[in-house]
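Heads up, the next two complexes both have chain A, just with different partners, chain B and then chain C.
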Partner chain A sequence: MTMVAETISTNGERASETPLLAVQDLRIEFRGKAETIVAVPKLSFEVKPGESFGLVGESGCGKSTTAMAIMGYLGATGVVAGGSIRFEGEELVNAPAHKLRAIRGRRIAMVYQDPMSALNPVKTIGAQLAEVPMLHLGASRVEALDRAAAMLKDVRLPDAGDMLKRYPHQLSGGQQQRVVIAMALLGRPSLLLLDEPTTGLDVTVESAVIDLIGELRRRYGTSLLFISHNLGLIAESCDRVGIMYSGELVEEAPTRELFGRPRHPYTQGLIDCIPDIGQGKHSRTLAAIPGHIPLPSERPRGCLFGPRCAGFRAGLCDRPGMSLEPVGERHVVRCVRWPELEVARRELPPLSGESAAPAAAITVSDITKFYHLGYQKTLKANEAVSFEAGKAEIVALVGESGCGKSTLARIVTGLDRATSGEIRMAGENIAAIEASARPKPLLQSIQMVFQNPDSTLNPSHSAGFSIRRSLKKFGIRKGKAAIDQRMRELLEMVRLSPDFAARRPSQLSGGQKQRIAIARAFASDPSLIVADEPVSALDVSVQAAVVTLLLDIQKTRHATMLFISHDLALVRHVADKVVVMYLGKVMEKGTVEEIFGGATHPYTEALISAIRSTKPEGAERKRVTLTGDTPSPVDVPRGCRFASRCHRKLGSICDREPPPIRRMSATHEIACHIPVEALETPRHQDEARDRS
Partner chain B sequence: MAIFVAKRLAMMMLTMVAASFLVFAVCEFTPGSVARKSLGPFATQEQVDFLTKKLKADDPLLVRYGRWAGVLLGIIPDPLQDPSTGLNFKDPRGAQYFGNFGYSTLNKLPVNDVIWSRLGNTAILAGLAFLLIVPLSIVFGILSGLKEGGVLDRLLSVICITFTSIPEFASGVFLVTLFVILWPVLPGTSPLDSEGGWSVPSQLVLPVAVLVIYDFGYVARMIRVSMIGVMEKPYIRTAVLKGMSTRQVVIGHALRNAMIAPFTVLLLQINFLISGVVVTELVFAYPGFGRLLLDASLFGDIATIEAATLITVAIAVTTQFVGDLGYMLLDPRIRLR
Partner chain C sequence: MSALVEQRAMEATAVKATGRARLKWARILRSPTAMVGLFLVGFWVVAAILAPVLPLYSPTEQDVMALADPTPSAAHWLGVDILGRDELSRLIFGARTVLVVAPLSVAVAMIVGITLGMIAGCYGGWIDAVISRLSDIILAFPVLVLYVILIANIGPSIINIVIATTIASAPGIGRITRGLVLGLKEQEYIAAARLRAESTLYIMLVELLPNCRGMLIVDACLRIGYTIITIGILGFLGLGLPPPNPDWGGMVKESTTVLNVWPLMSVLPSIAIVSLVLGFNLLADGLREAWKP
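And now, the complex of A and B:
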C-alpha cells in the first residue's frame, strides 16, 4: 500500500505531462432502425502515464460502453458520434482497422468481467495465451509458449507448464481471471482496461486478484482504467476516480479527496448506501437513493441526477448546460448547489434496535447432505451443520461459493432432503420431508426470496399473479375481492403502487422485481424467511433500499430469517447471529458482535480482511490474503477443511485431525486447533480497536 | 468408454427389435395380400388361399414375427425354403444361417441377393452428395453467419432458402429439361449400366445435383444460426480485442465452436441420404435402396421391408454414435474423464 502512495505523489509531479489517454467530449450513440439511443452524451476524462483511474457508476451509466469505445468495439449499431479519444497522441475514433488491430492487445489490453465466457472453451490456455506474442511480438510458437508460461508464473498460477495444456473449464474462476490478466499483460500494454474484473468472484479470490493487479501494475508500469461499481475496490486500487451517472461524469477527484470529502449528492448517496464493515447492525440505517437511473431516452433537463436528489431546486437545477466546476485542487463536480449542500450534509439516523426473543424458532442439528456422484465419489455439500435461530432473529449464513450455504437453504425449504440430521420447526423434524410431501401449513410457514429476481418471476404472468396465487393456494384470503385487497396491501408494504400488479416482469426494474418477490414471500404470513443472496444481483443504490425494506418487514412481522450472503459488511449490518461455513462445515458461529468483535476463526478473519472499505484510513490495515483455491467438495481434506489455505496453520495436526470446537462463550463457537488464548489475539484486532 | 459403447450397442439392439416389430404390426393393417399380388387379379380365390397357406401368411402376428426373428438369427431354417411347400425358394447360402433375411416375395430371390447391391448403389449416390453438401453448407453457413443481416448474409440466405424449398421432383424435372432436352449433355435416366451409351459417372451427375441442391441449403441455415450465436460470444470479443483480424478470429476461434451444434445435423443427413432419396431415385430410375424399399412396401414384401428397416436403424445408431464421438473431439468440456 505504501507503493500506491508513492505513485500518487509521483503523479502529482507528472500532472503537466501529456496524458496517455485523453477522452474529449465523447458522444456514443446506438443507432437502431427505429430510434437512436444516446448512451454517452458528452464525456471527458484523462488517464496519465502510470496512473490508475477509476470509473465508477451503476449499471446502465455507460462506463462499459466507454471502455468498448476506446477499444473501437461498439458492435454493429454503436457509433462514436462526436468527440475524440486520443491514445499516446493518436486519434482512435474512426481509426483504420489495421491501426486498431496494432493497438488492441499490444498497447491497450483488456480484462473482462466474466473470465469463464471471455476464454474460448475449446482451446487450451496455452494456445490462447500464445496468440498474443505471436500476433504482436513476432514470436514463434515455442517462444510464445515460453513467454506464456513465464507470465502464468507472474500471475502466480501454480505449475505453469501443466496449466498451458488445460482447458478453461478445468480452472476455477479465480484461476481463469488470472489467465485473462496474463493474456492482457503478454503484449506489454501501456494501458490496461479493467471492466469489473472481480465481479462474480468470491471475496477472498477478489482480494487476491486485486492485490495481484496492484503488484503487476507497479512492476510493469502499466496505467489502469478501472471500471467498477464497487466503491471499496476503486478506493483501494485507484489514484483518481471519476463518478459516472447516466453517461456523464458528475464528479472527479483524487481518491482520498473524493471519498474523504464527496461533493456531489450522488457520490455521497453511493457512499451512504453501502454498509460499512466497521459498523454493526444498530449504528445507522442504509440510506437508499430513491428512484433509478433515467433511461437514455428519458434524461431530464439540467442536472441528470435532479429527480433523485434531495437538494433539488426547481429553476436552478433544471437549467441546461451544467458544467464541471472546480471545487479544490484537481477536484471537479457537476452540481450548482455544492457549496450549500455540503453544509446540509444529512446525518443518518441510527437504527432502533431491540434484542431478539430467545425462544428457538428453528433448530438445525447435525445436518449432513451427501450427493453420490457414482462409484466411490461423494460430494459432501453439508456435514454436521448445527445452529439455531430464535423467533424474529436474523441468522446469516456466510461463506464463499461451494460452502454449502445454498444446499442448506434448499433442505430447509424442502427442495432437497438431508442425508441425515434434524431440522426442528415447531417440534417437527422437517429435514427429510420434501416440499411435495409437506403439509400446507408447513409450506406456508417457510418462504424463500431468491437471488436473481429476473429468473424467479414468470415472464408471461403479471406481477400481481404470483402474489394472488400464493394468497389463494394457502387460503390466506377467500374470494376474489378479498384476495385483491390483500395483494394491494402487500404491494403497499413493499412500497409499490397498486397498479404494479398488472405489469409484467419485463416492465419492472431489478429492484422492483425483488420487491414483488418479497411481497410474494410474505403473502402467506410465513414464520421463517430464507433469503438466498437477496440483493447481490442488484445495483448498490437499490440494494440499500431492498435490504432496508426486508428488515422493516421482518421486524413488523416477527418473522425469523435465514439470510444467506457472501457480503460480510452487509451481514454485519443486518444479522443478529452469524454462521460461517467453509466446504460444507461450520467454521464459526456466534452473535454478530462476537464474529466481528475480535476473536475469530482464521477463515472469518480472512473474509473480513478481504472487504475493501472506502474509508481512506482503512487502506492502511494489514490484509490477510489467502492462497490457492477452495478444494473440491468431492475430495475434502481429511483434517481441518480450511487447512490447505489457512494463514495461521499450526502444522501437520491441521491436516490430520478434524479441529475441536472451542467454546469462546455461551453463544460463540470456533472449530479450530488454535487454542482459545491464541484465538483471542488475531492479527486484525489492533486495527479493529483503532477504528472503533 | 467401454461402458459407453456397450450402452450404445444395447440401445441399438432394443431399437432394432422395437422397429422391426412395429413394421410387422403396421404391415398387418395394409390392404391387399401378398398372395393376391403375386398371382394377379385373375387368379381364383382358392388359388390365393392356397398360396397364402403355403407362405404361412395367415398365422397369428406374433407367431410370424417369432419365426422371422428365428430365421434371421439362424436358430431355425427358413420354412419357405422347404421344397415341400413347392414355392421353389432357394438360397445358395442354405436355409439356416445368421443374418438370413428370408426370401423376397417380390423379387423371387433371397433378400440378401437383392438388398446389398441396392444399398451399394445408394451409398455411391449418397456419398457423392454428402461430399459436396458438407463443404458447401459450411462455407455458405459460416459466411452468412459472420455478419447477421449483412448484404452477404441476405444474398446467401436467399440462395439457401430458394434451393431448399424447391422439392426434389421439381428440381429433377427442371434439370432434366435443361441438360437433357434443351442442351443434351447428360442422360435423363440412371440405370447404372452403359447400355444406353452414357458412361456410369455421367449418369450420376443429375441425381447428385438434385440431392445437393435440395439438402445443402438446410444444413447451411443450421450452421448460420450457430455461427451467429458464436460471433456474439464474449470470447470472440476477447479474440478481436487481442488485435486479431476477422479472418484469424473466424478460423482460430469461431469455426470449431460454430461446428459443435450443426455436427449432429450434418450426420443426420447421412440417414436422410440413405433412406430418404426415394423421390430422386424414382425420377432418374436409379436402382437404389430407397426405390427397393418403396416397391417392397407397395407389394407387402415383408422380408425385404424388415431387412431395410434393420439396416436403416443400424446406420442411424452408428451415425449417432459417430456424432457423440465427434462432439467429444470438438468440445473438450464433454470429454469423458
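And now, the complex of A and C:
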C-alpha cells in the first residue's frame, strides 16, 4: 500500500497549470415558500485541463446539484448564494444569458443520468444531433448530419446512417446513452460533466459505456467531471477524486492515493462497505456505516459525519469551522482526528462457519413462464429453469434486467403462476398455486423482501402495522399485548428501536424501510425467504448494513434464502450457490467457489469482468466487453440465448442449436457449446500470465 | 461501539418524526387559494346552520306592503321577491337546501362510484370490462339532458336529485378510482398483503382506499360545486324542489319576468350560486396544490 502512495506522480506536472474549472466557496440554496434549504454550504474544487475529476457521494450529498449549478440549471427555486464558478477564467455565476449560451453545449457539455428523458422523443436522433454543430459551430445541415454520423461511429453505434433516422424509443437504454454522449461530444467541449451516466444501465452495458468514455476522453483530450456513487467506476476512470458528504468535500486526493490510503473515516467506511469481487463471505464481512446522511436542515455542528463516526470525540469533533487539512502531496482531508484514526484502521473478521451440504428445502424443476401478448407473440420470461436450495442455504439468482429472475421470485412466492414445471417444497408441488389459493401454512413458510423501499410499506399506515398484521393473521401470537411484544422483538432484531413502529413510512429513510420490510418478512417465521434485489435501491453505506443484517437473521433462523441480484460482487459475499440467468434460461449454476473460480460460462465471465474494483491491482484484470444489448424476451434467439453477444462464440452452431449442459462437477453445470476442456483452459492461462 | 453510534443516529431522526404528520393539513392553511375557498364555503355553511336562530323573516311569509317597492329597505335589507317574501331570508334558507342536497348527492355518488371503481380495478378481466363499458355509455350522455330526463320522469324531490346525481357522477368517480387502483395494486405492499393471506375486501378497504383518499377528496369538492350548479339549473327549469321551498335556481326563474325593472331579484341568487361554487372549486384547487406530492 505505502509503495503505491509514494509512486504517484503521474499527473504531477499538471499541478501548476491554471484550472479549467474552478469552483470556489460555492453555496447553493433552494428557496421554497416556507423554508430555505442549503443544499451545498461551501464547496471548492478544481478540474485541470485534460484531467478527469471524480465527485463521489451518496444520494442527497449535493453532487448533482453542483453539476446543475455549473451548467446554470438550478431551476426556479435554486440559487447560487455565494462563491464563484470559473470556467477558463470566466465567471459563470450570474453571467448574462448570451454568454452562458455560448459556453453550454459548446465548451461544457453534460451527460445526464436518464438518457430517455435527455432525448426529445418526437425528434429523430439525426435532427437532435445535428442541432449541436448547427447552433454552436455554424455548420450547414448537411455538414452537421455528416458530423453526427461520424460521431455515432465514434461512440460505436452500428449502422450510423440508419440510426440518424430513428426515434429515441427505437433504441435500447445503452444505445440512447451513447447517443447522449455523442451529442455532448459534438460541440468538442473542453469539459464534459457526467452525472451518474451509467446508473440505469445493466452491468455489461455499463462496462462498455465506461470503456467508451475513457477512450473518447483520451482521443479528444476532454476534461471530465465524473459524478457517481459507484466507487469502482470512479476508481477506474478518474485521475483525482473528491469525496462529498452532505454538501461538503471531506477528502480529496489522486485516485490511487485515495483508495490506497483513505484518511477520512467516511472514505474508509465507503471502501469497507462495498463488496469486493475478489473476496467471498468467508474472507471478510461487509463493514457498515451506521445511520444515514443528515438532511440539509439537520446538519450537526462541527464535523458533518460526526454522528455516524466511530471515532467521534465530543468537544473535538463538534467544534464548528472544520477545514480541509493537507495530509500529503495534493491530498486534503476534513477530519481533526485523522492522524490518530489512521492507525486504528480496522481489520475485518471473516464470517465463520461452513455448512455441509444439507437436504433440499426447495426444488425448482423445469419452470417455464410464458406471457401471451396477443396473436403469436409470447414473452418467454422463464424457460426450463431448474435448481435446488438446501435448508439454511442461500442461493443467488443473478442476471441483468429481463433475465427472468424476478418472475421466478413471483412464481415461488405465489404472486404469479408458472406455465409449466414443478416447484417442490416439503413434497408438495406449489408451482401452479397462486397466493390466494395457497393454504395458510404454505404462505407462512414463504415470505418475501422486496426491492423498492418506497413502495414496500403502505404510506397510509404506520411502520409497525404490517408486522402486527402478519403476526395476527398467521396466529404467531395471540392477543394484542403479545403481538405488540413480539413486534418490538422483531424491530430489535432488525436493530431499530421499538418506537419506530408508530412512525409513518414517509418519516423513515430507505434503509430503515428495508429493515422494517425484513422484520415483516421474518414475522411469520418462514422457512424460505425470497429477497428480490433487497438492497439495490439503497446507498452503498446503508447497503452493507442491511445485507449484513439480513445474513445474520437468515443464519440464526436457519431460513433458506433465494437472493436475487444483479450485483455479482455482492452475490459473492452473500451466496452459497449461484444460478446465472440470461433471457429466461439458466446459463450456469454452481457453488460460489465454482462460479468465481476457474471455468465459467462466457456470460458469467463477462459479468464478473464488468465489475469495477477500487483496488488498484484490480485494474490489471483482463476485461471482457460485450457488444450489443440483450435481445427482447419476446423474440429470443433460436439457439443459445447468449449467442448474439457472446465473445467466445464458436460459429453457426451457437445460433442454430440450444447448447448442451456441460457437467463440470456434481454441483457445477454450464450450458454452452464450448467443450469442457476449452471452458477450463483460457481463464487459467490468463491467471498464469497475470501472476508472472 | 457501533451500537452506540447507531443509537445517536437514531435519536437525531426521532426529533422530526412527529412534525411531518401534521404538515399535510397545515399546508392547506398556508395556501391562499384554499383559504379563500374555505372562507366562501364557511360563510354559507355558518349562515345555513344559524338560519333558525338569526332574526330573519320566515322565507315563505309574504309582506304585501313591501311589494310597492321591492328594493332594499330598512325592513328588508336585500328587498323582497315578486311575492313579497324577504330576499335575505330566502337566500339563507336556500343555502340550507343546497348545502344538504349537494353534499348528500355527492356522498352517495362517491360511495357507489368508489365501490364500482375498486371492483373494476382489483378484479380486472370481464368484470372490469362490463363496469367500464356501462360507465362509458352513461358518460357519453349529455349530463344535463340526463338530469332533465330523470327528474322529469321521477319528479322533483331531494331523493330523486340524489339518485340523478349518483347516476350521472358515479361513472366518473369510478373511473378515477379504477385508475388509482390500477397504479397502486402493483405496489409491493399489496404483494406483501397478498402473501399474508389478506382477503380482497381487506386489501381494497385497508390497503388501497386510504391511498386514494387525497385525490378523491379533491374530486368530491369539485363535484359538490358542479352539483350545486346542476341543482340551480334544475330549479331554473322548474324541476327543482317544489315551491314554496326557497331554492336559488327557482328564485332566479321567478324573477326573470321582472328582470328589466328589478334586476337585483335575479342577480342576488345568482351571486349566491356563484360564490358557493367558486368556494368549492377554490377549495379543491387549494387541496390539490397543498397535497401535491
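Rule of thumb we're sticking to: the second predicted complex is superposed on the first by the 668 of 692 C-alpha atoms of A that agree within 3 Å, B and C clash if a C-alpha of one lies under 4 Å from a C-alpha of the other, contacts with A are read in each partner's own complex, and residues count from 1 in each chain.
By our rule, a residue touches a chain if its C-beta (ideal position, glycine included) is under 8 Å from a C-beta of that chain, and two chains touch if they have at least 3 such contacts.
The model shown is predicted, which means the values in this text are computed figures rather than measured ones.
Peer 1: Please work out whether A:147 is in contact with chain B alone, chain C alone, both, or neither, and reply first, second, both or neither.
Peer 2: neither
Peer 1: Using the touch definition from the top, say if A:73 reaches chain B (first), chain C (second), both or neither.
Peer 2: It touches chain B, and chain C stays clear.
Peer 1: With the two complexes superposed on chain A, say which partner A:33 touches: chain B (first), chain C (second), both, or neither.
Peer 2: The answer is second: A:33 touches chain C but not chain B.
Peer 1: Identify the partner contact of A:459: answer first if only chain B is touched, second if only chain C is, both if each is, neither if none is.
Peer 2: second
Peer 1: Can you tell me whether chain B or chain C touches more residues on chain A?
Peer 2: Comparing chain B with chain C, the partner touching more chain A residues is C.
Peer 1: Applying the document's definition of touch, where does A:136 land relative to chain B and chain C: first, second, both, or neither?
Peer 2: In the superposed model, A:136 contacts chain B only, not chain C.
Peer 1: Where on chain A do chain B and chain C both make contact?
Peer 2: none
Peer 1: If you look only at chain C, which of its residues touch chain A in the complex?
Peer 2: 1-3, 5-10, 12-14, 16-17, 20-21, 30, 187-189, 191-198, 200, 206-207, 210-211, 213
Peer 1: Where on chain A is chain C touching in the complex?
Peer 2: Within the complex, chain A touches chain C at residues 33-34, 288, 290-292, 294-295, 298, 300, 307-310, 312, 413-415, 435-436, 438, 440, 443, 446-448, 450-452, 455-461, 466, 469-470, 473-474, 495-497, 499, 503-504, 506-507, 509, 517, 520, 524.
Peer 1: If you look only at chain A, which of its residues touch chain B in the complex?
Peer 2: On the chain A side, the touching residues are 71, 73, 76, 97, 100-106, 109-110, 112, 114, 117-123, 131-132, 135-136, 167, 169, 180, 183, 187.
Peer 1: What residues of chain B sit close enough to touch chain A in their complex?
Peer 2: 147, 149, 233-235, 237-245, 248, 252-253, 256-257, 260, 330-333
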